[in-house]
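Just so it is clear, A, B, C, D and E label the chains in written order, and each chain counts residues from 1 on its own.
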Amino acid sequence: MSDAPVLQVEGLVKHFPIHGGLLQRQVGAVRAVDGVTFSIRRGETLGLVGESGCGKSTIGKVVLKLIEPTAGKIVLAGEDVTALKPGAMWTHRRRIQTIFQDPYSSMNPRLPSGTIVGEPLENFGIARGADRDQRVAQLFRRVGLRPEAARKYAHEFSGGQRQRLGIAKALSVNPDVIVADEPVSALDVSVQAQVLNLLIDLQEEYGLAYLFISHDLAVMRHISHRIAVMYLGRIVELTDKRTLFTQPLHPYTEALLSAATAPDPKRRGQRKKIVQGDVPSPAKPPPGCHFHTRCLYATAECRVTDPPLLEVAPGHHVACLRRPVGGDPGPLTAP
Amino acid sequence: MTGTPGAILEVRDLHTQFSTLDGVVRAVDGVSFDVARGETLGIVGESGCGKSVTAMSILRLIPPETGRIASGSIKFEGEELTTLSEEEMKRLRGHRISMIFQEPMTSLNPVLTVGTQIAENVVRHLGVSWKAGRERAFEMLDLVRIADARRRLDEYPHQLSGGMRQRVMIAMALSCDPQVLIADEPTTALDVTIQAQILDLMIELKEKTGTAIVLITHDLGVVAETTERVVVMYAGRKVEQAPVEALFEEPLHPYTRGLMGAIPRLDVEADAAGTRPRLQEIPGLVPILTQPIVGCAFAPRCGFATDRCRSERPPLVDAGAGHLVACWEIDRVRRAA
Amino acid sequence: MAIIADDLALPPARRFSMWRAIRRNPTVALGGVLLAVLVVMAVFAPLIATNDPFKIAPVNRLRPPSERWWFGTDQFGRDVFSRTVYGARVSLIVGLSVAAISSILGLALGLACGYFRRVDSIVMRIMDGLMAIPSILLAIALITLSRPGLGIVIVAIVIPEVPRIVRVVRAVVLSIRAQPYVESAIAGGTRNWKLLTRHILPNTLAPLIVQSTYVCASAMLTEAGLSFLGAGVPPEVPSWGNIIAQGRTFFQIAPWTIMIPGTFLAVTVLAVNLLGDGLRDRLDPRLARRL
Amino acid sequence: MTAYIVRRLFATLPVMAVVALFVFFLLRFAPGDPAAIIAGEDATTEAIEAVRAKLGLDRPMVEQFFVWVTQLLRGDLGVSIFSNLPVTRLISQRLEPTVALTLSTLFVAVAMAIPIGVLAAWKVRKWVDRVVMGFAVLGFAMPVFVLAYILIYFFAVQWQMLPVQGYQPIKEGLWPFVESLILPSLALGITYMALIARTTRASMLEVLSQDYIRTANSKGLATGRVLLLHALKNAAVPIITVIGIGIALLISGVVITETVFNIPGLGRLTVDAVLKRDYPVVQGLILVFAGAKVLVNLVIDISYAFLDPRIRY
Amino acid sequence: MFKRILAGAFALAVPFAAGQAMAQEKVLKAVMHADVRVIDPVWTTQTIANIHGALIYDTLFGNDADQKPHPQMVGKYEVSPDKLTYTFTLRDGLKFHDGSPVTTKDVIASLKRWGAKDGVGQRLMGFVTKMEPVDDKTFTMVLKAPYGMVLESLGKTSSSIPAIMREKDALTDPQQQIKEAVGSGPYMFAKDQWVPGSKAVYLKNKDYQPRTEAPSSFAGAKIPGVDRIELVWISDPQTAMSALVNGEIDFYENPPNDFLPMLEKARGVKLLKTGKIDSTQGFIRLNHLQPPFDNVKARQAMYYLINQEDFLRAIVGNPKYYKVCPALLTCGGPYESAGGREWMKEYNPKKALQLLKEAGYKGEPITVLSATDHATITPATQVLIQAMREAGINVDAQSMDWGSVVTRRAKKDPPAQGGWNIFVTTSGGVGSANPVLHTWIGAACDKGLFGWPCDAKIEELRNAFGMAQTEEERKKIANELQARAMEQVVYVPFGQWDTPLAFRADKIDGVVPNTGLAVLWGITKK
């Protein structure tokens, strides 16, 4: 693991405008991503965890420049790619690849799998013709598929096999970073394990950096080195996984951990701090700390003041007014 | 196999099949289980294992164009359901046995108000007026702890959050005080925090009403959290059944073991920042159900498999204390633990 | 790690079987067979026809069907059977070329509209305008604009169809653009032209083909309608529409002049529709809602 | 909602402008000359020229266009070259029959189509479904005029049950009015019935496979309630859309039906005007048709909001 | 705009409401060959406009069934012995529909407008030096030379009739339509109930004072027989026939000949054969300005391509209703003649082609304007095209609607530049019977009709015919004229046919054969 970050994101903002009224003027915005900062080093997995609508998938797409950021900065392998137009971005795409969530719709149904996997090779002029086919065969083998399967179409594969195809495709151009957006959430448990193991093997083999997006804390814990917890477009806590699971500081992280079920009937009823209510709409996030509406420890100040993401302990970033720098990491109490 | 005394629902050797152009799919292939009054039974398995079809078969909701209950018996309070007329079956559904589904997003009718959808169930089965039905709907919404229930009655599903929709589904299912509630993946589509809320709500309501619950899920965590007994299904067959503690304590079927080893765990001691232990994989794919399966369905993927496993279907045997398992090699499996 | 275990065997692929295809889609088979018969009839019209379809013989006008004139004769004493056989040519040419031309134009415009947002606002305005004009009136106006002939009839029917196809293609392109595999291709470095030709275009073809079968069927009916109103292909051309239109005056005294070509027209349109329905079920079940 | 309607109405302006421009120049470039037609069978070339000058048809086209547009903006559609009557009057005279025919056709089509579409979807793949859909596909394939002649032959000529032709305004009494519309509505309606029935079936089939129908069935609701409330209301949007498309297509069918049944409606007026090159009438009519179409689309769009609470404007 | 239309629709309801009272009224519903679209019979030569005109306007003279003129509005008249001065006195009791009396001022203005527009009128006015009122009822017409067709012209029943309008209407520019249809005839036009393209309504003129003589075509008493005449327009002949059979209409002016056997069988329906000369003549017109038909030999070649039987069978079918007539002047008419008939003795395509070649035809395309929407012209054109093709002529058949044909035929340019070589048309037998009234026989070069035949001799003969004083002299000139016109090929006739009237004999009486124009006023309802 080298220290130079391969991907750096600073103050990233993505707003989707809402139009309305007689003249269809912009009347508001969905604040999908609302000022997010993080970085990933070579060979590292950064997990982005959060519930649906928290903006984690949007971050993935913005980082891939599949959608344009509203504000902020994206630095890919030392180069600022934030403002690059699609044409200029193209050369940088080699460095950052992606694995999609849905193994069923992320493959063009009308192309043989070999063509899909080999497409980036062609696009970047890396290999053509027989050379390409050979490389594709290697990739197939590497992800555990028979090379002959390159002639088959996506629908002829099972979900897990499709996900292997997606991995092979992402791998084909030797990227620095892979954005994996819920790559296993559509898979059955037994297959999920296969894919997760493969991802870890590949990371170790090629020194890949993963931006791993998931809602599943257990998966996250398994694959990540560091984890960022998101809530309504913001990172509320960011630290290494051990610290996160043993000493969560943000009330939301705590709530997530206590809500997760464990495959152990003996632990039944041990969950205590279940947050109530629903996630507010990102189009109308609450003022102050976004989480204050569901927080068990919210104070009056939380309702008005926006907590900054602070490094309260070395490598442990938290955005909570009740967790000051160098503060007591012990349990909070309701005000 | 002996029927549980006081069982409210008895399923015996159920076979449900679908005709497709590729052949007959044996979605449920000889499954039996009982549900006792007030009990929570979990049915767990991966997609395509036949757990949902089992649930649909109980309510006889298998689409008649393609599927049918080929054989077997389903008794509810001693009454045989497979031979009831469609009209009698309708009287039963939503009244004495009701069901909730995985996707609260799509399981509620988008063009009818929440109040109508709950009230119509009450009006249909309890024969009360629409006014009384609405009143009941209000009570139920209040019961599932939907804030401002009166106003929500006139709202449409799209105006509610996912969690609220699932609460509405529960309110609807419980509105006629059913004896059995079948919950098919009730929390799979929900966020973690909401899932926790809903599971808590279900447990609480079960205690309040005494309704037996059949909880169908692929999530071992949910099973461990909520059920009393568990049925594990694979390829349309029941492979294991045990009280929940016993199952998690010592899973006996290699498949169950495989499942438990394959999931990443949150509950074990956190490992150091850099280490990432390998997950246990179950190699291979689930069998194709259009082809008849000889022997144990799991044999091709099983590390313990012998020639006997591949040729002879293992019967369910009691391994002690109500722990049933269908495996020829229980002893070897036990020893391997 | 480069081990390929047998446990990663692929699910067996289904082999194509004619019988399965027919069983799955009996209507397509029926439509296809009917259409094939008609195509054979059109192609080999000179061999099948028993008389010269253009030959006017007033002496033999309005003869009922007989051994000599299988389907009787029309007001000019022309052989209705031969004209009907030749009429298959005209109807098929009209149907197929309208379907082909409007599909190609609609595809090009629809792709442009769906893919390039700036083109979209302009082109769609014009398409809306064209769509707002009742198609048969537009066709009549266009046909009077130029000398009637097969060509202008085809053009006249194509113009009002194009906006419809553009809409279908555009909608499909927009929905394909939102597909993860398109994003996946972009992320994989695929650029505009290739994205359009390799990923978007092929996936618009299924709904386009289905839509074009309906266009084909409706073009045949429109051709007949235009002939009926006296604005179709030149009267000597033996199109089914013309035969019916000319025969309509004699409906009560010589019903064969209208019923037989009418039946042929209906059966052809039926066949094309069946084919379209079958293709729709096969290729694009969601299109069913859009129609 | 009001903002939406206003916005939609504004959005129709460019559409109408495209229509106006297109129609005007299309007609002007068309061969054929009203002057020659007016002048009559025996008129000389000079006489035709004189008529043309009187009608202002010898003026530059751009000038004619501006004259027309200026009139339009004043709400004046001009005067028919032949009858010398204002186009607005000609149109208003013909409005009732066409509206009556359109509405009764729609009524016939919808009243037949929705029940059989629902029935077919309910009994999908059963013989009822096959019969109904076979009939629907056949209905769609039948040229309107062939059907019309068959209907006339049997119902009017052979059995003398209904009038052959003509239109009785509603002022003449309800029965004569209805009587005069039965055959034309049937002849025209079968096609649309086929179209709507097919869409209803397809839409119902899709809805019937939805989760909320499974929910409704799991509640043990009566089949009627599931089909007609839970399913049909959800299936309504595509059905309404196709009815909207149907209204647009009807206009073509109306032209033919009005010709066969001799109904003095707008369709017939348009064809006559085109064939006689009565420019002001054609222009006015096409604008009216286009406007009607735009209006129908608007009504359809608004009706979505009533059928589907998820749609907001 | 929509509001206005809607308002109009409601306003329209008022006359319909009035319709309730007419239940007891006697209504004649008639389907004519065309719809009343233009209300000015002078402005257009359309036959239907003149049928309309003949209902509401009176004329000074009226030709009887034998085309002999009799006084109609005129009470008495005198012709000076030198035949140059005509003195006309209007009969008593003539009133316009608005109640104003008919005066000589109205008459002179009407004749002047008609004379400026109508072909026959123009010819007459060529002889007239002045028309002057003597008093309100008497006026004189002075000619510069004796003209034998004065009264026939004033009573004519073909193309534009010399309708007598109010002076204020008659002062309208002849190139512009009159706005009000107010005449002094037996019926009044109900303009508010007129739906162009659908129906025109005429109400009985209760104040009309008919003559006392027995009615005969346009001559004699015009007694309005019903309270209301509705000229209903049914464009589809199939529908029109069914409507007659079903009793929905009373009168059908021109049922296609193929329907006649069915109508003969239909209960209550009767057919009335056309009068002696009111048949229709069909012919092929060649463009004399453009090659090859600028050469007389090429024109004569066309005679060898015409087998009249073929044409007539295609158009008419039943031989009962058609007549082969290789002549230009109506066969069966007063001036039927033998002149030039030898040209059409033989059908010989080979000879036709040979003649064409001799005239310098080298296989260039010959442009035929082919109407697609005309009951008789369309089939005739088809037969012609086939005959030409069989002869080996390169035919460029340009299909178009009749509206386009009438435009295109006025173009003098070469075919390649929008002109033409051949078109097919028809002419009424009444007009075609008389060399003066028959404009198509003329050869006045540019001033003539499309095709522009140019032959001084023909025009001379037509003038001479007009000036001839005796019937023998006329017949002799007519014979000579036809011989010359056939030789020059002003047009190529393909025969003559009748169009019987069909009507409900169980419902109406008093139907008489058409004489150029339908005579509707005498029809009564049972």
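Note that a contact is a pair of C-beta atoms (placed from the backbone, for glycine too) under 8 Å apart; a residue touches a chain by one contact, two chains touch by 3 or more.
Because the structure is a prediction, the values reported are computed rather than measured.
The set of chains in contact with chain D as well as chain E comprises C. The interface holding more C-beta pairs in contact, when C-E is weighed against C-D, is C-D.
Comparing the centres of all chains, each the average of its CA atoms, the largest separation from chain A belongs to E.
Chain centres here are Cα means. That of chain A falls 48 Å from that of chain C. Taking each chain's centre as the average of its CA atoms, chain A and chain D sit 54 Å apart.
Of all residues in chain E, those that touch two or more other chains are 236, 238, 242, 373, 400-401, 403-404.
In chain A, the positions touching at least two other chains are 158. Within chain B, the positions touching two or more other chains are listed as 283, 285. On chain D, the positions that touch chain B within their shared complex are 124-125, 210-212, 214-222, 225, 229-230, 233-234, 307-310. Listing the residues of chain E that touch chain D in their complex gives 1-2, 4-9, 11-13, 16-17, 19, 35, 37-39, 43-47, 49, 117, 119, 159, 173, 175-177, 179, 194-199, 232-236, 238-240, 242-243, 245-246, 248, 373, 400-404, 406-408, 410, 412, 425, 439-440, 446-450. Taken together, the chain C residues at the contact with chain A in this complex read 1-5, 8-11, 13, 179-181, 183-191, 194, 198-199, 202-203. Residues of chain B that touch chain D in their complex: 59, 61, 65, 89-95, 98-99, 101, 103, 106-112, 120-121, 124-125, 156, 158, 169, 172.
The residues of chain C lying in touch with chain D in their complex are 125-126, 128-137, 140-142, 144-146, 217, 221-222, 224-225, 228-231, 244, 248, 251-252, 258-259, 262, 265-270, 273-274, 277, 285-286, 288-291.
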